[in-house]
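Below: one structure in structure tokens.
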Amino acid sequence: MADKVLMKGNEAIAEAAIIAGCRHYFGYPITPQTEIAAYMAKRMPKIGGCFLQAESEIAAINMVYGVASAGLRVMTSSSSPGISLKGEGLSYLAGSDLPSLVVNVQRGGPGLGGIQPSQSDYFQATRAGGHGDFRMIVLAPASVQEMAELTVKGFELADKYRMTSMLLADGTMGQMMEPVELASLKVNAAPEKPWATNGTKMQRAHNITNSLSLVPEELEQLNFARYERYAEIEANETMYEEYLMDDADICIAAFGIAARVSRNAVDEARRQGIKVGMIRPITLWPFPTAPFKAAADHVKSFISVELSMGQMIEDVKLASECRVPVTLCNRAGGMIPTPEQVLDAIVKANNGGER
Amino acid sequence: MVVFEKPHALTDAPFHYCPGCTHGIVHRLVAEVIDELGIEGRTIGIAPVGCSVMAYNYFNCDMIEAAHGRAPAVATGVKRADPENHIVFTYQGDGDLASIGMAETVHSAARNENITVIFINNAIYGMTGGQMAPTSLPGQITQTSPYGRDVNHCGYPVKVCEMLSELDGPEYLERVTVNSVKNIKNAKKAILKAFKNQVEGKGFSLVEVLSTCPTNWGMTPADALKWVDEKMIPYYPLGVYKDRSAAKEVEA
Amino acid sequence: MSTTKYLFSGFGGQGILFAGKFIAYKGLIDDKQVSWLPSYGPEMRGGTASCSVIVSDEAVGSPIVSAPDVLVAMNLPSLDKYESAVAPGGMIFADSTLIERKVTRDDVKVFYVPATAMASENGFPTLANMIIIGKVLSELGEFDADSINATLAKVISAKHAAMLEVNLKAMSLGAEA
């Protein structure tokens, strides 16, 4: 208790990044994540780091590209419309196999949308962060403590696999304050980066950071190699949490704030004698396919609870191989499902789809 | 007796550039400057998207390939990763620097980012096969201005040095060309100064090099060199557009 | 097991978010699970400000408070907006300097505190929020000097240490109101 402080999710991300050894942050203001930039602006100069407000999200992600090329831990953050602008850079980072941490504190869309919380960038994060064949490791925290822990984890995984980790939060997670303990964060130092373009010192052949490859046979091999790495990540880095799943007849699928809301509903349903549990993906990519596949053996149905028009539900269907019904319980555009709404969905599912 | 040597900062890879293209000359000048300043081991170059996209194969220092127009932002990151040691230059064409990357150009200049920018202005998009550039001259015929650049329809060329000179930020802006021995010598001096400024921590230094594109201009290399004199220099006068340190010395 | 859900609401500048933060921090000091969630966006510039706080013996699920056990309404629009949302049997604390009407529900406990007037009269016009907090804690039976002092030490930075005493005084005034 003594070491715990109340922090906003956005601030916890920023401080955890500093703890993880990140000394370079580039960003552009956008609600609801600007606290990250403000925090970095205050802290970085005091610890010999660099905070720079870029002229655009596009410039910011390319500054990230520069620092990552030089082999240092680096991050940027934004919210949905700004992440779309960063899409170009995300693709280039992937094509050049550069590690970085990108935070998306989502808001409702599409377009300028609103500023209230959303999870409607799930597809963008897990499928199409930019053009070309590539993946990002997508981490979905559900508490402020986890915001801090997954920030550190994000840097470590990015370095380990030479790719972008995206922390996918939402306006609620970014703005809420909860107790955080930072002293317990364990950080693995960055590995050696012999590929970095940080000057030859006249002691080695020149390194080239590059995503251009005009010979299709070679480009294909690069893609194959990248996907072999992705397979390793799927095998070793998938994270999820199960809640009351052992005897569950109904399984909620929810991440981030939706999982927080759903937990209240699960508890209430259990009090009413309904056997319901929850699988909370912590990595959205790689998606925790195994627990959903296993659950499909014993549950009557899945309910995907989302702050979107239904995006993760596709992964739930794929993972459970559509062996039992998967229904959607959702709000969109910046609205958040209430525990009562989720409870209704549970009761309905328990009655075989009838109220 | 050695009478002619390749600079160490250039690799052995043969240039892929068209006959009469001046990229090769400018590459060589940059490499000579890197050699003379003894900075190859701490230099990181940023290649653009355009004809010089594969510049990373030609320089012996570490090289980074950037997205179209983003070289100054990437350079900002690399520079700030180790401001004491890294010497960072971008090498960009007119489409890259003055069209799609205009925001990155202007803002890195406004920040007086301590980097060196080599700007190749040949008034055309070369790699994609001869389309109108932001610097194509009024009336200039290109693939996307087949009746000549109509300023009433698509506006006027961008004069980068003049425009940036209005900013308080940049340290040094000079326009040169490489269409004669005398002009090449002068270009070398400007490029040397632009790198030296960075070594001395003075800030954003940009050298605009009026260059040729015989292939897409539809000219012989010799005619292309003449076209620079006759058409380009009158529109884009050579000279120093900003030299803050020199101006300070004069004041003092 | 007990969980208390608070909703604080008023004008921007009345210290609504700070009041919520105080309650959340006090929960932390008292070894409870807590969450604090502000409204955010354009309304923070002079319009309505509100925040949800949950203090619980168990892990907090949703941090959103839609049916508060305790509503602190520091202006009329806040009372108009949230009166009907308060959980039956819950409590409403209203700043009666700024809210002239009475609460119409009869299934909640209501406390009218002229906090804004009291704050002005006592020479700390910006501490109406803490006067109400004092009243809230006293009615909940949680006006415990040790934990309040420890909380104030957390929420007031060292360079404003002088404010500590004044805040405590404001809270005591509220507790006795």
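Odds and ends about this structure:
Residue numbering begins at 1 within each chain, and the chains themselves are lettered A, B and C in the order written.
Note that contacts are C-beta pairs under 8 Å (C-beta built on N, C-alpha and C of every residue); 3 or more make two chains touch, one makes a residue touch a chain.
This is a predicted model, so every value here is computed, not measured.
With chains reduced to the mean position of their C-alpha atoms, the one farthest from chain C is B.
When every chain is represented by the mean of its C-alpha atoms, the one lying closest to the mean of all protein C-alpha atoms is A.
We define each chain's centre as the mean of its Cα atoms; on that basis chain A and chain C are separated by 34 Å.
In this assembly, the C-alpha centroid of chain B lies 62 Å from the C-alpha centroid of chain C. Averaged C-alpha coordinates give centres for chain A and chain B that are 40 Å from one another.
For chain C, residues touching at least two other chains: there are none.
On the side of chain C, the complex with chain A involves touching residues 21, 24-25, 28, 31, 33-38, 40-41, 59-64, 66, 154. Against chain B, in their complex, chain A makes its touches with residues 24, 26, 50, 52, 54-56, 58-60, 62-72, 74, 88-89, 92, 96, 197-203, 206-212. Remark: chain A residues 1, 4-6, 31-32, 115-116, 171-172, 175-179, 257, 260-264, 267, 336, 338-339 touch chain C in the complex.
Taken in their complex, chain B has these residues touching chain A: 11, 40-44, 46, 53-54, 56-57, 59-67, 70, 73-82, 85-86, 103-104, 106-107.
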